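Here come two complexes built around subunit A, the first alongside subunit B, the second alongside subunit C.
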Partner chain A sequence: MMARFALVPSILLCAIGFYGAMLWTVVISFTSSTITPRYEFAGLAQYVRLFTMDRWHVAYTNMFVFGALYIACSLIFGVLLAIALDQSIRGRNLLQTIFLYPIALSFIVTGLAWQWLLNPTTGLQNYVRGLGFESFAFDWLSSPDRAVYTLVIAGVWHAAGLVMAIMYAGLGSVDGEIWRAGRVDGIPRTTMYRRIILPMLKPVIIVCVVLLSMDVIKSYELVVAMTGGGPGYSTDLPAKFVVDNLFTRTNIGLASAAATLMLASIIVLLLLFGWLQKERVAR
Partner chain B sequence: MIGVQIESLSRHFGALPVLRDISMEVQPGEFTVLLGPSGCGKSTLLASIAGLDDLQGGRILFDSADVSDLEPAERNIGMVFQSYALYPTMTVRQNLSFGLEVAKTSKADIQERVTWAAQLLQIEPLLDRKPSQLSGGQRQRVAIGRALVRKTNLFLFDEPLSNLDAKLRTEMRVEIKELHRRLGATFIYVTHDQVEAMTLATRIAIMQGGRIEQYATPEDVYERPASLFVASFIGAPPMNLLPATLKQTSHGVVAFTGDHTVSLKGYPFKIAPADGQPIVIGIRPENILIDGNVAPTLRAEVVVVEPLGADTLVWVDCAANRMAVRTHPKEAKGLSGSIGLSFKVENLSIFSKDSGLRL
Partner chain C sequence: MTMLQTAIPSAVPRRARKHRPAAAIGRLGLYGFLVLAALFFAIPLIIMVSTSLKTVEEIRTGSIFMLPQALDFSAWAKAWSSACIGRQCEGIRGGLWNSILIMVPSTALSVLISALNGYALSLWRIRHAGLLLSALMVGAFIPYQVMIYPLVRMSSTIGIYGSIPAVVLVHVLFGLPILTLIFRNFYSALPEELIKAARVDGAGFFRIFFRIVLPMSTNVIIVALILSVTGVWNDYLLSLIFAGRENLPMTVELASLVSTRIGVPEYNVNMAATIITALPPLLLYLFSGRYFVRGITAGAVKG
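Here is the complex of A and B:
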């Protein structure tokens, strides 16, 4: 009994800190609050305003562009790296360490490092031009249409190692006799991976997708460190939109509305994954 | 039908030898069982025959064609694994047909083979299920089916029944024997279960420490074990073993064990025995008679009596050796104290104590 009482403070803290804050945000999103919270019901006014803002549309679309590419590329590279590790015997530990290192870095460090690398005047472009290829151009970072892809490059570099580690553990858990059976059946390795091993690891892949999706939704540091949302607001993401409006533009109502929409997006995603999992169990 | 010749095969993992210079010949249509305790190399030998392991020495021939360098698929074998190794995301039908699809077999042919195998193994109602929806016995059938559709004449089984419960194991054992009879193909079967080996095999290869101790029919292995290891491995309870010393006397060869003298007159020695040679006398429990005569061969003290139903085991102590005597339940009734035992010389197995080999 005492043991349960001892948990009460932390449960309360959790309930108020997390769910209370969420509720408060949702409430605020229906008020006309600006610099400070004002409990004056304004209906959907903040949402209507949000949807008239081009900046919000860019940020919200970016989340899907960045998210889809980030998840897809991280998965592809991570899985390929894991298969490479699974195949080679020598240098396995070294390779694993090398590819795992980026996860140990914060997204801020990743963002800054890639900003230097991709900055046309200091980074890769300048270096290659220095080698004598004067016409070489790689200026995605400063191009409003393409800057979002530089976020993908940096993000994938950061996250592929994690996918690799998880998938490598999954590959290691596959019963060796399945491989032997495949050899007796004369099934080539690539076919084995494509048709048998990777389908077997679907639950592991789903875990990777969930982890990567959370990265996408909360991604803020990477944008701040790498592009600052620019050029203009072309690489804005919802999380950054919310923080900017909350703290620098002092528009609590609008920020709350955006945050509520992010929460709604997450809930939709979670429901989708729950449904996918259920499908898997049912089959 | 394929005959398999194995010529001085050796295999080691690092410094650890697993197979030491193994040579054996499996006749076409034979049901050979590789039997031995864990770590004796039997599964490694099977994997070598399948081509799943690289060899460090020796050759493997199928019908006198060298297959040592061929991939498992090129050897055209069917193999059944201990863990079944079914492809978990595929249905039973896909499990059976996948290898054939990859080998670009025609659709009609695949259909025909799958139907044939499914009928033979009575798994037709299961064809559209996933392996996770099957019981252990059903999975085992599917695994056998996957080997069958390859239309081969050499089947390899790696402890296929060890994951099943006792009742199912007995059923599947009968089915595998029946399958061998119907297919007329060559079967090589690995197990650590001597009952499986005795019931299934036309010949048993008993392995120990990477060597084949004896490769003979089940009767031979049971009645005339080639070594002390075989004698103590086969049979439940195993052969009784009495250490003794050999003596040449005017009445022929005799063995001294404790206070007893056992005449070995008429024993078919393979090598002429030396005087004073230390030996081990082996005798099966069912070959010992409880003897009411005044001058029995041995005298022993009854320790316990174990009724087994059809027969009864009487455990006795004879000159510090614990021995089992299998007898009729009626005869064992009320047995206690000191009893007389006797046996026929032709039922004995005599081993050299030094080499452990049959004399």
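Here is the complex of A and C:
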């Protein structure tokens, strides 16, 4: 009795704060609201407007480009680090501490650090040119086509350690018998990892992918700190598009339509992961 | 739900391996990879620190990899107390106090409420406990942007928008899913007999919680506190929107400091401000390693 009662505040808070707010956003997206919410039904007008905007297309595409690269690179790099650390390495604790510390920093700090490092006039490019390679160019940060990749570099720097930590724990949980059996059969270590150990750790890998995808969908601060969405709006992301339209451009209806599309994307993603999990249980 | 519970005990002793001479080149490549990776991770921090100790003149004429000629802490002093943020030139020290004012109630409340939730959901037979938890976890996956505008309206309706209570409430809300999950997983491992025995002795729900369960929870509370403190400290968006102009925390102040352009850009001051802001969570990470890792990976335990 008392136990149910104790949960009531949290349930109310989440019902209103999460579900109520989500529903409200969806409702606003079907109205003609601009500066303040106006509850005149406008059908899909906001969505139609959204899809005519080049900025939205760039932002939405960027989410997939950034997301795919960020997840793939963090995963590969993190797994390699975990495997490398798994080889009875000297100084492992120190290395782990170095690999993982970026996760303690905010995306704002991460973005500022990498902006400084990749800034063509003061950073890496300037340094290499100073070494005598006058024609060396690494100006991705100021190139509309390439700036989104700088976000990937900074993102991977931030997240690869997390994958490493989770995967390293996963590797540690593998039964020693399996390794012994592999040695008896004379299977090379690399083959063991590729064909046996990593497939065994698929659930752990899925966990990493879920965590990384959450970052992608929420990634807002990295863009704000690193590129401000620029040059132009070439590194815009849906999250930033929504915030800008809510608070500086006061297009509440348009922003809500964009937010609703973000929500829809998440639901698809969650269903996909749910399905993957079920597949795993079924087998 | 079980995947990381089995994966997490990382202190499992590693298998001892024999090294054959033929593998020596392989080992060399291995260490080479690790050292390069360590450089990749370390360089941004090293460069931030070294830039913050240079003079503006040194930055302009030298390269970023050059170490400072003399340790000059004036950029730190300026970032702390006299750098301009918009029109106010008082540095980011005001943000520190605001960060603390936001962080303390946010973390205390979210950890206490989440512990209570986790306890109720795992040790008491509650109908639909699994469903409730899943419904709660959905909140961890939805981007803030989907909920933020209605939350602004709601908080202004109850008259707290643009104040510390508003940002605390929002932090508690968004912290609940993961923290509740951490406590639930911890309490699920406690024996049910514990509760049964206490109930036979006539202890009620809250008495058992405060007298028996909470004193056993030191480790998990530390994990949850670290996760919560880091999350709240590093937050930008929620504070920017809900805290109000007078109460902006350090992370937000840092972002505005860096984007404030008056005269020659002072990269050394920017970098000093960045390090000052990053220092609290960084120290927390360095001094609590094991707990920190457990916290961030606990977020992974999703069914």
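Please note the rule applied: the second predicted complex is superposed on the first by the 281 of 283 C-alpha atoms of A that agree within 3 Å, B and C clash if a C-alpha of one lies under 4 Å from a C-alpha of the other, contacts with A are read in each partner's own complex, and residues count from 1 in each chain.
Basically, a residue touches a chain if its C-beta (ideal position, glycine included) is under 8 Å from a C-beta of that chain, and two chains touch if they have at least 3 such contacts.
Everything quoted here is computed from the prediction, not taken from an experiment.
Undergrad: Once the two structures are overlaid on subunit A, check if subunit B and subunit C clash or fit side by side.
TA: Fit - subunit B and subunit C, as placed by superposing on subunit A, sit side by side.
Undergrad: Looking at A:51, would you say it contacts subunit B, subunit C, both, or neither? Reply first, second, both or neither.
TA: Touch partners of A:51: none, neither subunit B nor subunit C.
Undergrad: Take the Cα centre of subunit A as the vertex and report the angle out to the centres of subunit B and subunit C, nearest 10 degrees.
TA: 80
Undergrad: Could you say whether A:133 touches subunit B, subunit C, both of them, or neither, answering first, second, both or neither?
TA: Neither subunit B nor subunit C is touched by A:133.
Undergrad: Figure out whether A:200 sits in contact with subunit B (first) or subunit C (second), or with both, or with neither.
TA: First partner only, subunit B.
Undergrad: Using the superposition described at the top, determine whether subunit B or subunit C touches more residues of subunit A.
TA: Higher number of touched subunit A residues: C.
Undergrad: Could you look at A:2 and tell me whether it touches subunit B, subunit C, both or neither (first, second, both, neither)?
TA: In the superposed model, A:2 contacts subunit C only, not subunit B.
Undergrad: Now for A:275: first (subunit B), second (subunit C), both, or neither, which partner does it touch?
TA: neither
Undergrad: For A:64, select first, second, both or neither according to whether it touches subunit B, subunit C, the two together, or no partner.
TA: In the superposed model, A:64 contacts neither subunit B nor subunit C.
Undergrad: Closest Cα approach between subunit B and subunit C after superposing, in Å?
TA: Shortest inter-chain C-alpha distance (subunit B to subunit C): 6 Å.
Undergrad: What part of subunit A is shared between its subunit B contacts and its subunit C contacts?
TA: Comparing the two interfaces on subunit A, one with subunit B and one with subunit C, no residues are shared.
Undergrad: For subunit B, which residues count as touching subunit A in their complex?
TA: 47, 50-52, 71-74, 77-79, 81-90, 98-99, 102-103, 130, 146, 150
Undergrad: Residues of subunit A touching subunit C in their complex?
TA: On the subunit A side, the touching residues are 2-4, 6-7, 9-11, 13-14, 16-18, 20-22, 24-25, 28, 37, 77, 80-81, 84-89, 95, 97-109, 112-114, 116-117, 122-124, 126-127, 130, 157, 161-162, 165-166, 168-170, 172-173, 176, 179, 203-204, 206-208, 210-211, 214, 217-218, 220-221, 224-225, 228, 238-239, 242-243, 246-247, 252, 255-256, 258-260, 262-263, 266, 270, 277.
Undergrad: For a test of understanding, state which residues of subunit A touch subunit B in their complex under the given definition.
TA: 175, 177-178, 180-181, 183-188, 191, 195-196, 199-200, 202, 283
Undergrad: What part of subunit C is in contact with subunit A in the complex they form?
TA: 3-4, 6-10, 12, 14-17, 27, 30-31, 33-34, 37-38, 40-45, 47-48, 51, 59, 63-65, 113, 116-117, 120-121, 124, 126, 132, 135-136, 138-151, 153-154, 170, 172-173, 176, 180, 204-206, 230, 233-237, 241, 251, 254-255, 258-259, 267, 270-271, 274, 277-278, 281-282, 284-286, 289, 292-293, 296-297, 299-303
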